[in-house]
Structures are given as C-alpha cells and as structure tokens.
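One chain, chain A, links the two complexes that follow: it is found with chain B in the first and with chain C in the second.
What follows is the complex of A and B.
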C-alpha cells in the first residue's frame, strides 16, 4: 500500500476500493492547540493497523476523530475529511448533515481503561448498544451477547454469571467485556486506544490474541505505546510525532527498514 | 534530657485538656438533640395507641381521637410533592451535570442555590399566589406544589453531585456505541447511580415531611380526613402546630404524640439514607 501523505483533497469524494477508512488532511485542535496536523492515510479492510509514537503526540486525539468523539470535548475542533464506505453523504463522516451518532455505530471504540457501565450486569453491558437502538427480542439479544462474548474470548469465563455486575470482573475480563460490548453492535471498524496499557501481561496476551482473530470480521486500528505489541499483532503501522504522521507502511518494513530517521530513532528507543 | 521530658509531659497535658474541652463543646452542641428526643418520648409516648393512627380528631372537650387525617394528609402531600419535585429536581440535576461549566449551568446553579435559601414561608406565599388564588381556595394541590418547590433544589444538587462521580469514560463508552447523549444518561448512567439518587430523594422527603410554613396558607388544614385533592388537607406539622397552641388537654397530648411520630419518621428516613450511602453508590 502506498502511503498517501501528500494526496490533495479531491473535489469528488469517494472511498477507494478495498479501503476501510481514509483520512484526508485531518487536523484536530483543543482550543487553539493544534494536536493532530494534516494527517492523510488509508487503512485497508481487515487490516490491524497500529499507531505508535511517544505519549502526547496526538494518537488518542487522532483516533477519537475517526468516530467523531473528539468533538464531544469542550473547545475541541476538527478539519479535513474522514472517509468510511457506507457512512453516507458521499461517505465523508464530517460532511454536513451526517449524524455523529450513526457514525459511532459503524466505528466502535475500546478505551485505555476498562469502562463497563456501573450497575449493569455482564449481559446488559454487552446488550446495551442493541437494546438502546431498539432491539428487544430476547432470542436475538441472547444470541448476539453470546457471539460477542465468544469473539471477545470471555464467554467461557462468564457464561454462568451473566447476571453479575460487569464491574465484578477482573480488569482484564472487564476490558474483554468492553470489547464484546463494542462488537455487539457489529461495527465495520474497531478503534482501540492502548487497550492493554492498564493490564497485566497475561490479560494483555489474551487481548492481543483475540485482536488477531478479530481482523477477519472487522478492521482494527489500535494505538499502542508498546512497540513489541505493534510488531506482534499489526500488519500496518503508522508512526506519529508531535501531531504529525512521520511514516506509515507495512509493520515489518517500519520496524526493519524505516525510511525516516526519526522513526528509526524511536523504534530503537532513542527517544519517546 | 530531664528538661525535655518535663516539657513533653506538659505538652501531653495541654493536648489532653484541649481534647477534653472540644469533646465537652461537641456534646453541648448535640445535647439538645437528646433532650428533644427524651422530652418527646416523655410527653408523647403515653398518647401512642392504635386509635392515634386510625381515628380523626374529636371536637374540643371530648377525649380520645387521633391524627389519622394528618397522617394520610402528610402522605398525600409527600406523594404530590414527589410527583412534581422529583422529576423536576432530577431534570435540573441532569441538566447541571450535562452542561458542566457553561454559562447556562452557572446561572442554573446560582438559581438553585438561591431557591435553597428562600425562607419556606415565602415559598408558601408564592404557592398561594400561583395556585390558591386561581383555584379559589386552599387545596392539597397547592400544598404539594409548595413542598415540591422545597424539594427541587435538594434533589437537583444531590443528583448533580452523584453524577459528577461517574467517570466521563463511562459517558464516552455510551456515546461510542452510537447512542444519543440523553439515552446514555437516562439508560446507562442513571441505573448505575440509582442508590445515590434515592438517597437524595429520601433526604428531600425527610426535609419536606416537617415543613410547616409552606403549608399554612396552601394546604391549610382539615379535621375530617381526606376530601380530595382540591380540598384543604391536614398535615402532621400543621396539625401539631394547631393543637400545641390550643387549650384542650386531649389536643395538646395529640400534638406531643404527633411530634414524636414525626421526629421518628424523619430519623428513620435519615437512617435509611445512611445505610444506603454506606453501601457503594
């Protein structure tokens, strides 16, 4: 895949074949603090696409632009385009008239810290997205909850205690619960913001394993500050530095023969 | 060395002494509570009987009778005021937590704080002008309305405080599922804090159950029992006030017993909120 660093904004919007997501000159601000600068990149369907870079370089902000969550923060703003096939309005999720709520159904998210809904059972946590979207049929809910929990590699551990509160699980289990919850609404794309940084090595390994399986069903963008993790689970990697996209390409070549000296310095641990 | 240990001993004594003074002052501060309760028990206990709860008051001079009219009246008034005050208070609390630091939220917060500090007699006057005058008479509606105004700021602020404790990550998790803000709040956040919200409502009820001033010229009183929501209605505090200031011995006894029951109910409500808050929200 060619990095599309300097692709100009085309007057006619459309998503290229096989791509799951494309950003064009995407910028984001907190107030007048410009934290994501002019990012253009393409993510192919069924990629596990990792974003690496030192903390504070704008990785979280970038992926929060992809499901229009960034704009929920006070004073936050965005410019540029994010193209997602099927999103409507010629598929730019920032086109006027596009409802952020409908975008977030296509683009799921898993956060850095596990955040199950307090007071809701394991079952209700996973069913929440569907139920509140109006799906009421018990047999459909049962089926989707089971499937999602299987996909999130949590089913065998919780199938006998679905009525227990989600918050009663261990940290690693809670994070898998959050993954199941996101998968239950069948998103095209799953954004994961350092999903294992709050977890122990065993829980981390389980999540890495399940992410690698997920790529058959969904395109995954995962932020990680752990370069080994990026190398293990992703096929494409983008390196961010101070809000800019320094380099993007197949994970192997980013880690073995980076083109940019800053990438090389970062992966060899000379800064960050 | 010796010098030092003497000084040490003196310091300990000063320490001990000041602690004793503080304890004495603290006791003095809460002593009235015990006196009130003891005195109420002393004066009110004797009047406690089944008929106190089941019978309406008898005319002056006759012995016997009870406060059944005031008890049902208070229950009806608390029901009415909750029906209006709880949803309004919840709505204000949720609006405050949603609007966070915007100008609207600041204005709303000031308004709610002002409302808390408005003397309850003034709230009664307001309800008089707004409900009693147009309806051309005292009524349970008017009393319930006045008490609802007392409840709103209490429920609103406690709801806001509870919602503040919910991490914004939980909110974002709901948004990220493709759900509109209000659904996230109503269906995903609120169930998780229902205990805390119940606590706020119970505290507001405890406060309202003893309010007298707002009822004096709204619900007024009646000594026959429940006559519908558009008629004057009795309540515990107003009835206690009327009877305590009367010259009839039986009535004065009813007032003491009524006061005991009322204080007991308020204590109970406070106790329940305590137990609820001790369990995690």
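What follows is the complex of A and C.
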C-alpha cells in the first residue's frame, strides 16, 4: 500500500535544535475515514511524551504514523510531514525516496500486546533487530543482548534461560522482552502504544519505572488510557479528541490547570 | 466426562432429558466411526490372511509381482507409491507455500479473494478428470519436450549425475561406517559409490514414454497443490498481525518479515499442510492409475512406467481370486500401514517443531 503523499513543497525543512521529532499538519486515514486531523506538534529530545484521550481518538494511529507503520494497513493513507533529525531527505520521513525500513530502525516501537516472535528464543528475540541490520558477530550480539536486557530490567530474570522461547515468559516479562528487543537497535525514539494495558499492576509499575529511566537514552512517546500513568511518568502531555489535538503542554499544567474545557472534562472523568 | 448430564446442575428436567438424548446420539455417532474403522481393518486383514500365511512379511521385500507364476511381492508398489508421492510433494510444497504467501502478503485483498476461491475450486475437480488431462495433454508434452530436455541436462552422461552420485555417497558414507562398526554390512566405499552412480545415472535415463513415474508425480503435484495452498493460507492467516508488525517495526523488509514472522511462526502448521497433501498423494488412485504406466517392477528411472499400491489394486481386483486376491488385499493393508507410518512420523515432526516454538 503506497501512502498518498501530499506534502507541500516547503523550502526549509530541517528540524529545529533540540527537538527529537516534529509533525507538521499530519493527517491519517483508513479509507475515507479521517482519523488523525492536521496534527502539528514538537517533541523535545529526552522527553517522555504521553498521548492521552478516549478510545478511538486517533492517538494510536498518530504514533503509528511516526514510524510509517500506519501505511502497512490496507487502505491506509497519510499526508503531512514528520521531521526526525538524521532521517535523510532533509529529514522528513515522508519525503519521496525515504525507505520506511530505515525509519523503523531509528524509531522503535512497543505494542499494546506483548508480541515476541513465537519461533525464537529469548536471546534471538532481542538479537532479531541487530541481525536484520546485518550484525552477525557473536560477541557483539552477546554484548548488546545483555545490555538491552539490563536496560529493560529483565536480565536477572532471564540470564540463565536465554535459549528458552520468548513466549515462555509471563506477560509482563514478555513486554519487557519486547522493550529490550526495541532498544537493542539503539533507536532515537521509542514509541509505546499502551504498553501496560494488557498487564497486571505490578508489571505495569515495573514498566513505568523502566520508562522513566529510559529517558536518559531515548525519547519516548507513550500512548496511554491511564491518566495517572501519564501524570506519573511523562513530562509532556498531549490530549487528543476525535482525531484532533486539543491541548499539548507540560504534564503538570495539563493536569492542574488545563486551558481547554474539554481537557478539563476528560481529566476529571466526565467522559472517556 | 460422558456422564456429565447426571452430575450437571440442570434445573429444568426437560432440558436434562434433551441433553441425555443429545449425548446418547453423539456417543452413538462416534462409536459408529470407531466400529467402522475396526471393522474395515478386520475385514481387510481377514481377506489378506491367505497371503500373509503364504508369503509372510517378506511380502514387502520381494520385488516381483507375477500372478501367473503366483509370485507376489509388494516392493515395486511401495517404491512406486513413495516415489510418486515424494515427487508430488517436492514440486507442490514450494508452489503451494509460495502461493499462500502471495495471497497473504502481496496480492491486493480483492485479487487474493478471487485467487483463493479458484484454488479451492481446483480441489473440487474429480481425479479422473486430472487423469484424462494427464493422459491426453501432459503425457505428450512430457514425451516430446520435457523428458528429452531433462535427459539432455540431467541424464546419465551429465555432470549432474556425476555430482549427485558424489553427494549421495558423501551423505551415505557415515551410515556405512556406522553399520560397519557394528559388523552389520560388508559394503565397501567403492561398491557404495558404484551403487550411487548407478542410481544417479538411472534417474533421467531411458526412452521418453510420456507415461510413467515422473508424469504421475507431476499430476499428483497438481492435484494436491490446491489443498496444500488452501491449508497453508489458513495457517498464515492465523499468524497474528501483531507478530508481523513486530517484525516490520523492527526494520524488517517485506521478505525479512515473511521469514521472521510468518514462516518461523507458522512452520509447524505449514509442514502439517504439506503432510496432509502427502497423505492425499499416497492414497490417490484413479489419476495415478491412468498415467503411471502400470508396470509391476521397481523403476530405476523417473521416466519408466511403474505401479503404486493403489493403482495395482484398481488394475487387478476385477480378475483376481485366491492367493492373487488375497495378495491384493495385503497390498491394501500395506497401504494402510504406510499411510499410518507417514502420518505418525509427520505428527511427531509437527509436535517437535511446535515444542520448539512454544513451551
């Protein structure tokens, strides 16, 4: 599926200093259904940036546009620009000639349901991205797999059973395995699509803790249904409603003194 | 388990009676299946009894079948069945899995629907029609074009035959050493290598007749391809989208995603699909009988006419009696056993692969 690209020719496209990601008038469709409407926002380096909003507000689709995964769905299309420093073609990932595969190596993703590769061991799951990138040397793989598992706070639990299938772990461990898998290729940006919605409270707490540590190494965009979670772990928050960006700003001010009444109604639990 | 109606806490008596009738009906139906199976087995074993007493288990190693001389050995048919089915699977498996991948990953949804429907339609063509096509269309093409071509490039005097003989010798040599260590054989490397050379040179040797082992393997391949394709497609559709997206999200190209997410995840199911096709090829009768050439000897060339277990029964049951008829029944029993063994091996393989990918 080729995405429809209607990027207006802008003479100057380079990303402003210190930002990790910038969207300009980003829209996304499923067929005729306009699910992400004209979103422009900036994410600074080392932010933990949370996206909140009721179900179906387009926040998941939005982050799936940031690694060009949205276009893999039948009938999906995208317009607008997403600027990521170093992505090439003046850094718009939707510029013609930019290979989505190279974008997905810069922008890692963790999904709602833990999805380790069923046929692969714990080690091979973490090494999968490196092997795709052509890393074959055993000592490098060993080193990076260990580092990634340590980073994902899973190493002590699995170091004695790296040859076991990834799917033999518990749900929370599987999700941390998926985080390790994403981190192993050293992405600039990590997208997390409701990473804890399928997990129990203890696993959720571990992942939240992990995300707060990760911000030193990587910029995190996290979609969440859970407003407390957004308040706990993020420093920036964007509120989405019906495919539109209602409000974006520092997490504290969004939750304490929202400017928009719809934001206020949502965070006080009047709908959603 | 099957007494659950008594133990269950049904409040209304009427539902309880309904349940009892329903359970009794189900039990009767499933027992019918079991009784039919056992009955068939007893019947065919009884019919084979004279041959079993007369020939014994040597039946499977005697390589001659000569009714007038009362010599009955099933080796040619076992070889014919296994060889034609193996050819069919070797041709069909890559085509089927490739088509299934195309339908799952590459074809636009509409086209995929149409092609999948056509593929399933192919499975509904009666085998006698495939046989007719094999005799009147495929066989002349084989005779005039394909077999001469194969003989030129893979025949006895080609590099292919020489290379294949060396490869096979290399593969077989460790087994020879092993057997030697236990004092079980007196075959030397020289005679092993000579045997492999004979085998390799024989493969594509002989006059192009059109009808024969290769042609029947090809017709079988065409017959099982729709089934294997449809099953493989089902298997690939059960691989969750989340696993595909995991691969894509990691920076996999389309082919890498297919390898990492679809083939690795679905390998047990895909092998299962191929095995079901193999089962069908082993038992297929009509089309094979029409194109295999019906010659009761172990073929040394893929071009030679041969005979399968199913085709010899179809060919001879009509005018057989006494030991001949009993021997045919024994062939039937052997076919049953061969299918059983192939299925058991396949199940073991699938279970082994599933264990590798799950617990």
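Operating definition for what follows: the second predicted complex is superposed on the first by the 261 of 272 C-alpha atoms of A that agree within 3 Å, B and C clash if a C-alpha of one lies under 4 Å from a C-alpha of the other, contacts with A are read in each partner's own complex, and residues count from 1 in each chain.
Please note the rule applied: contacts are C-beta pairs under 8 Å (C-beta built on N, C-alpha and C of every residue); 3 or more make two chains touch, one makes a residue touch a chain.
The structure presented is a predicted model; accordingly, all values stated were derived computationally and were not measured.
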{"item": "Which superposed partner A:72 touches (first chain B, second chain C, both, neither)", "value": "both"}
{"item": "Touching partner for A:109 - first (chain B), second (chain C), both, neither", "value": "both"}
{"item": "Partner chain in contact with A:87 - chain B first, chain C second, else both or neither", "value": "neither"}
{"item": "Partner chain in contact with A:179 - chain B first, chain C second, else both or neither", "value": "neither"}
{"item": "Touched partner set for A:39, first chain B, second chain C, both or neither", "value": "neither"}
{"item": "Which superposed partner A:168 touches (first chain B, second chain C, both, neither)", "value": "second"}
{"item": "Contact residues common to both interfaces of chain A (with chain B and with chain C)", "value": "67, 69, 72, 74, 101-102, 104-105, 108-109, 111, 113, 115-120, 128-129, 132-133, 178, 181-182, 185"}
{"item": "Residues of chain A touching chain B in the complex", "value": "67, 69, 72, 74, 101-106, 108-109, 111, 113, 115-120, 128-129, 132-133, 178, 181-182, 185"}
{"item": "Residue ranges of chain A in contact with chain C within the complex", "value": "67, 69, 72, 74, 101-102, 104-105, 108-109, 111, 113, 115-120, 128-129, 132-133, 165, 167-168, 178, 181-182, 185"}
{"item": "Sites on chain B touched by chain A in the complex", "value": "100-101, 166-167, 169-170, 172-180, 183, 187-189, 191-194"}
{"item": "Contact set on chain C toward chain A in their complex", "value": "109, 240, 242-243, 245-253, 256, 260-261, 264-265, 267, 356-359"}
